[in-house]
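These notes are about the structure you will find just below.
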């Protein structure tokens, strides 16, 4: 709720064996993926080759209502996207899915991730006369596929070839006139899974919780480097780009994904419980009660309680009705936005030694306010425990973990941070253990934001935060 | 979330010693009281005797934004209301606070509760030439005060007299040109508390969580029958109608109120933990895990776990982005609205004997779906525990606990209900214990909906559900 | 378009012999009456005694769309209103029709006009315990009818009695459970006419253009003082309050009414042509072309041209897309709002001696700008002719012709005004002739705003402009 | 108002010598050009090379308000567009201006007209890997410029080269990082003119009325084939593509343009007066009054009256408040949409022999209704006169004059049409005279829709009406 770290996208695609209200299914799927992006969303429906779409700025149930969903035709194939970032311009040009036409007809693309050679490729295409309508990577991917399509016999072959050119993190869902295609980068940074529909059709989604929401059964995850092609012949796979075990973003387990999702075979909720258990062992403390910061700290708090034997309690109530656009409190009143969203149950913490569990600390401001709330409610001691290691390095693979000067752990030691946020003690999960929280997952992990070591080399063209800027000026 | 039982209102009033953006404070207060009514809301500001208001259908942050709040003037006194019920007509005439003018100038009233002699009084006033603009009790209360005002020297004296005439449940906040007045019916059915502001001013609110949200300090509850008058002379009390200990609605503790509120000195969260503890003793079961139905069953589940020694687990994830106006799933898909709002964490319940705790069962439909979700996720056994007794009788005092033919417990025995919802066993908290969950509260309790015995006699004019009808036809 | 003088209301009622979509008919009727009030509007439908309504701030086609009209039920009787004035508070409490319930059931009232003893009556009712929800006269009328209803056998009898109590200008349409009632004050200040429907039903409307819009046939005007009762027995008339010939507002003919309306048997367009003809005779001038200020000056310009023999020309183009909420031009640009709305056809006026005809001058600012536009386009001379006399006195009978300090003719002589607005000559229609422009009309005229002599005595309680103020403070 | 023939676009560009609120100026300019396109609109502002835009479906004052205008930055250059046609899909992808980035940075284009080789060029670019986001010609123009830009030293040189490739009707306004560029196709089908700003800057607009609205002075029209480049060095012209006198669309004078505009030196109002005069000579009739159909028939009616000596009258009142999205009358009522928008002034036509002047007849339905209105109001005879020749051939140059099966004149003789619409006589302006109505204009004329003879050859790829279809299927 208060975290500054944001996932950049969620994707969803459906292939139904019979024409139906596929837009509604995408709507429910996006709804379940809303936590992956709250700034804009869109749905494209393919009705026998004719693509219709509706996109907009806002939450899924702000952009879509019965009227706008009703205007989208029935069809067999559809695509959806939720997105976090906007460019700052008052334009909607970066909303996804992007819908284009090339030599072979219409194509729609929804993308979760971030390319690390987007600028180079963009320049290359511009030199050939290409025109860009947005600043997003996804248009670069479109050109790479289109370019390859001129020399190959199918869109999946074109994508196979294009994947040799684009580098970075990408979980893609693509729709052509007759096919739904899903693909994941060879490193498998971002999740993408497949489900089956009762009618024999298929769904692909960033997380399994989206399958659950429409009653689809989880089939498997898309493999790193795999291209999955779904059409009237069913599901087929191209594995020529599958050459690695994969290095999944470990912060998906810590924070981004929904606890009820299963990613690469590992339960997200289970991983968070385990993070709490590790934390209890790494940073034990003598205390009366363990409470979590809602919502993302609750699971780890429960794990901490189990492993430590200290009772688990409910310390905070979150206002369920908090909207995104919150009116700022007037000056001179004692209100503050944390207090409006979160209230302490005084009876639970009064006179107690409290272990307070959260998933991460970014700048420290919010953590400081939360510690203060607990203290003002009468806690004797506050011991902060964080279920991931300190952020020390930016992420180049699809999240907004940012340049070093905005990360408190780049500027202070752990004791300094503890003092800064007003905690009696502070303990972070170690980098060794964070990659062990989802051990049953069939993948390696990227923990570059905690270690500065990335699975693939990051080129100089990636001056974190400056990407949009460069394109605009 | 899925419960059909709804509180009908929340009220909030503020008296600041200096003119300021009181509308903003009311906004935050209503925001914290949103759970008490989601259908409409309104704010009235008193700027040196001139009343300005904005009301509308929808949630607080739908009806109000920076622009509409900004148009309300600064002032020293303001009033707000959140409301549940609408009449079915496409009119906004029943939104509150109501703002009227009578012989002594402007008056605004916000009301939580329900009169049991409203029809009789309405008829009496109509015979004298009265005109009504709405079908709400609140307009009847306005006339009773106005009538008394003609014969008394102040609005508080008029209210004191009117309280001899109106009967039933009412927690009122009233604003005149120079005063803020709060009052509670002599039985104290609905909560109402007082807080102090840093500048020496006062706030009154249905629940203490609203005081917390604006940084006000809890002072005390308004007593049953008390009239509290706040003006430039500070706070004064009229206790001539205080003749009973009070019979607070016990379902406020079980379900309506926010867990972080303290009512009559008793923590709502604490009462719910205790309900779970009683329940564990009344209906013990051999099981592997205790899970609660979000959000209202979570506290009792934790209490059950503590008392039983069975581990507490998180079994469900609720979609945080569920709006009120949800688009119904299309026919022929396997989606259903419970599944879209609530997902099971399979890993937690798979192969387990599960104790499932919820606050109440109304018709049984939702409970049946939730039990099915748990079973489909692989639970071996499901033992349903309800932290309140079966509903067997309607409520006439401000909630929509309804006529008998809609309550499952009026039509089935407990074992029949268990079978109906698909649970292996089912246990309800006893009527003896439900009134013990908040024992530190300085009040008696109304548990009429569980027993059919009401603290005051309900007249024949109360043909539950037919009130609106009568007025319209 | 640029005039500051505004009519305050338009009313419309329908009685269909069979239940149908009466709301749609009212919608079209109000649409045709939109020029009489653009601030708010509303429609009430009577479906077998159940009243449903929708009201709002804005134009008819802003407040109503297919959805909101569709939500109103079918019925036999319905009422509508368009209104100009709002109080300045951000409230919608003064929108009409007002819908209330009294001892005999529901009643809705739509009112065009202004009472001159409203404050006195209001006080009288307040002393009996009355409550007011708005500051409008219409609520006072409701009380007068309700009071009389307690002592009479029908709503029309009650209205007949109430008309002895209320004084001023009122054209009323009233709906009870089974009747549609229309009435006009004994002086007949404001228009009100009756039409017949193909199915034998009836319509009443402020102007005949509203009958035309729904295909109703004009029957006759309601007489000054008459009460018309329409129910299943057809149309019946009560004429006990008919004691005068009537003194219709002459400015209805000059400006307020639509040119295609026929009022009291006289064509509005015809009256304006004749005003132009009189003007040509009173203030002849040697010139090359006659042009009118759109839209209200066009008819009089044509009349002037006919009578003078000077050719008629089209000198201005009005932007058809001007909305009500116009964005003000930024400072430093040469745009001004008159220029954006109105453009001169240079070719028509260049090098010419121009007679420019408009209906009235209020403050002189707009007239000055329009004269400047003509001069800048190259006119050699500009001779302004006004088709009504100078405003020298306020109107108390339902328009906003205002207190003397805002009327230029109260502060300057005609030559001074000519100089002020930049015209070579200026001529107003005389007060003698203005009451002769609609001579075929079966009524006398009120020209109080031009003469200061009113048909009925205006009491001291009428401190023009201060009415709202008094109520609020 | 009732005509089915629609112009497809209006364009506006501004170059201010100092950074200012250029978006506001474009807003007023588009406002004056609203009659050229009511379906969508957009504004792009260039703030030192950074392009920001806002576009949307609807009228200028629906899409833009103070808030959305305020979000656009100040700048020196800006571009705007109003558009008529949409594709039928619920997408906004065809709104203009289009804003893209190519190798040399950002470029925005606003286009009025229609290419006749768009499909061929589109195919050519697709074969090189091009991606299209819309189905509009404008994207093809973007590619042609971008392609040429790779081989030329400036955007104006690129445009000069691209004009050798694109064929058809185009009035373009283009914005690059530092320049505002205007261009017209070598045949000069659509208008485009230049104005000067007080600060020495420039404006370009489809019609001179847009210059007037912001206080700019008309400088001259852009020549057929000319490229006008405006930057910090002032205005420069490239005339290498100027090789013809030009063949301006004559229907701009008859109907499309605003009467207050001057195009190619000829007043539109003057041309319409003259059309009426020619008509009076070609088709004289003995009658009592001449009336025009609002708004487009009024000028020609006045010309007819002058030339014939028959008095000019105002026969219709148009409802000023008609919105675009009008609610259809319910079945069974006598309302019809023409009656709601237009009402006859009975007094003017009753018992008269009426000459009724309109600009054109498309299908004949509306004309039939209007003749019926006049007859029902009591006219003795109705003589219809049309100020342009019969439509017998489609337009390929930027209007929606359509395939032959929708044009009544392709299926009936003039006497048959007269009978069909219920007129006593019917006379059209001759094809010989229609090109003489604006004789002072410094251009030839295209009257292909009246003659079937086009200034340039139309290729087979132009299966009128099928363009969108082809792209989508």
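For clarity, chains are labelled A, B, C and D in written order, and residue numbers in each chain start from 1.
Just so it is clear, a residue touches a chain if its C-beta (ideal position, glycine included) is under 8 Å from a C-beta of that chain, and two chains touch if they have at least 3 such contacts.
Because the structure is predicted, anything quoted here is derived from the model rather than measured.
Chemist: Expressed in steps between touching chains, what is the minimal separation of chain B and chain D?
Modeler: When the steps are counted carefully, the minimum from chain B to chain D is 2.
Chemist: With chain centres set to the mean of the C-alpha atoms, which chain is at the far end from chain D?
Modeler: Relative to chain D, the chain with the farthest C-alpha centre is B.
Chemist: Can you check how far apart chain B and chain C are, centre to centre, with Cα atoms defining each centre and the answer in Å?
Modeler: 48
Chemist: Between chain A and chain B, what distance separates the C-alpha centroids? Give it in angstrom.
Modeler: Whole-Å distance between the two chain centres: 37.
Chemist: Please output the residue numbers of chain B that touch at least 2 other chains, ranges allowed.
Modeler: There are none in chain B.
Chemist: Going by the touch definition at the top, which pairs of chains touch each other?
Modeler: A-B, A-D, B-C, C-D
Chemist: Using the touch definition up top, name the residues of chain B that touch chain A in the complex.
Modeler: 20-21, 24-25, 27-28, 31-32, 34-35, 59-61, 64-66, 69, 198, 209, 212-216, 258-260, 262, 267, 269-270, 295, 298-299, 302, 306, 311-314, 316-317, 319-321, 323, 325-327, 329-330, 332-336, 339-340, 343-348
Chemist: Under the touch definition given earlier, write down the residues of chain A that touch chain D in their complex.
Modeler: 49-50, 52-54, 68, 71-72, 89-91, 93, 98-103, 125-133, 135, 139, 142-143, 146-147, 150, 471-473
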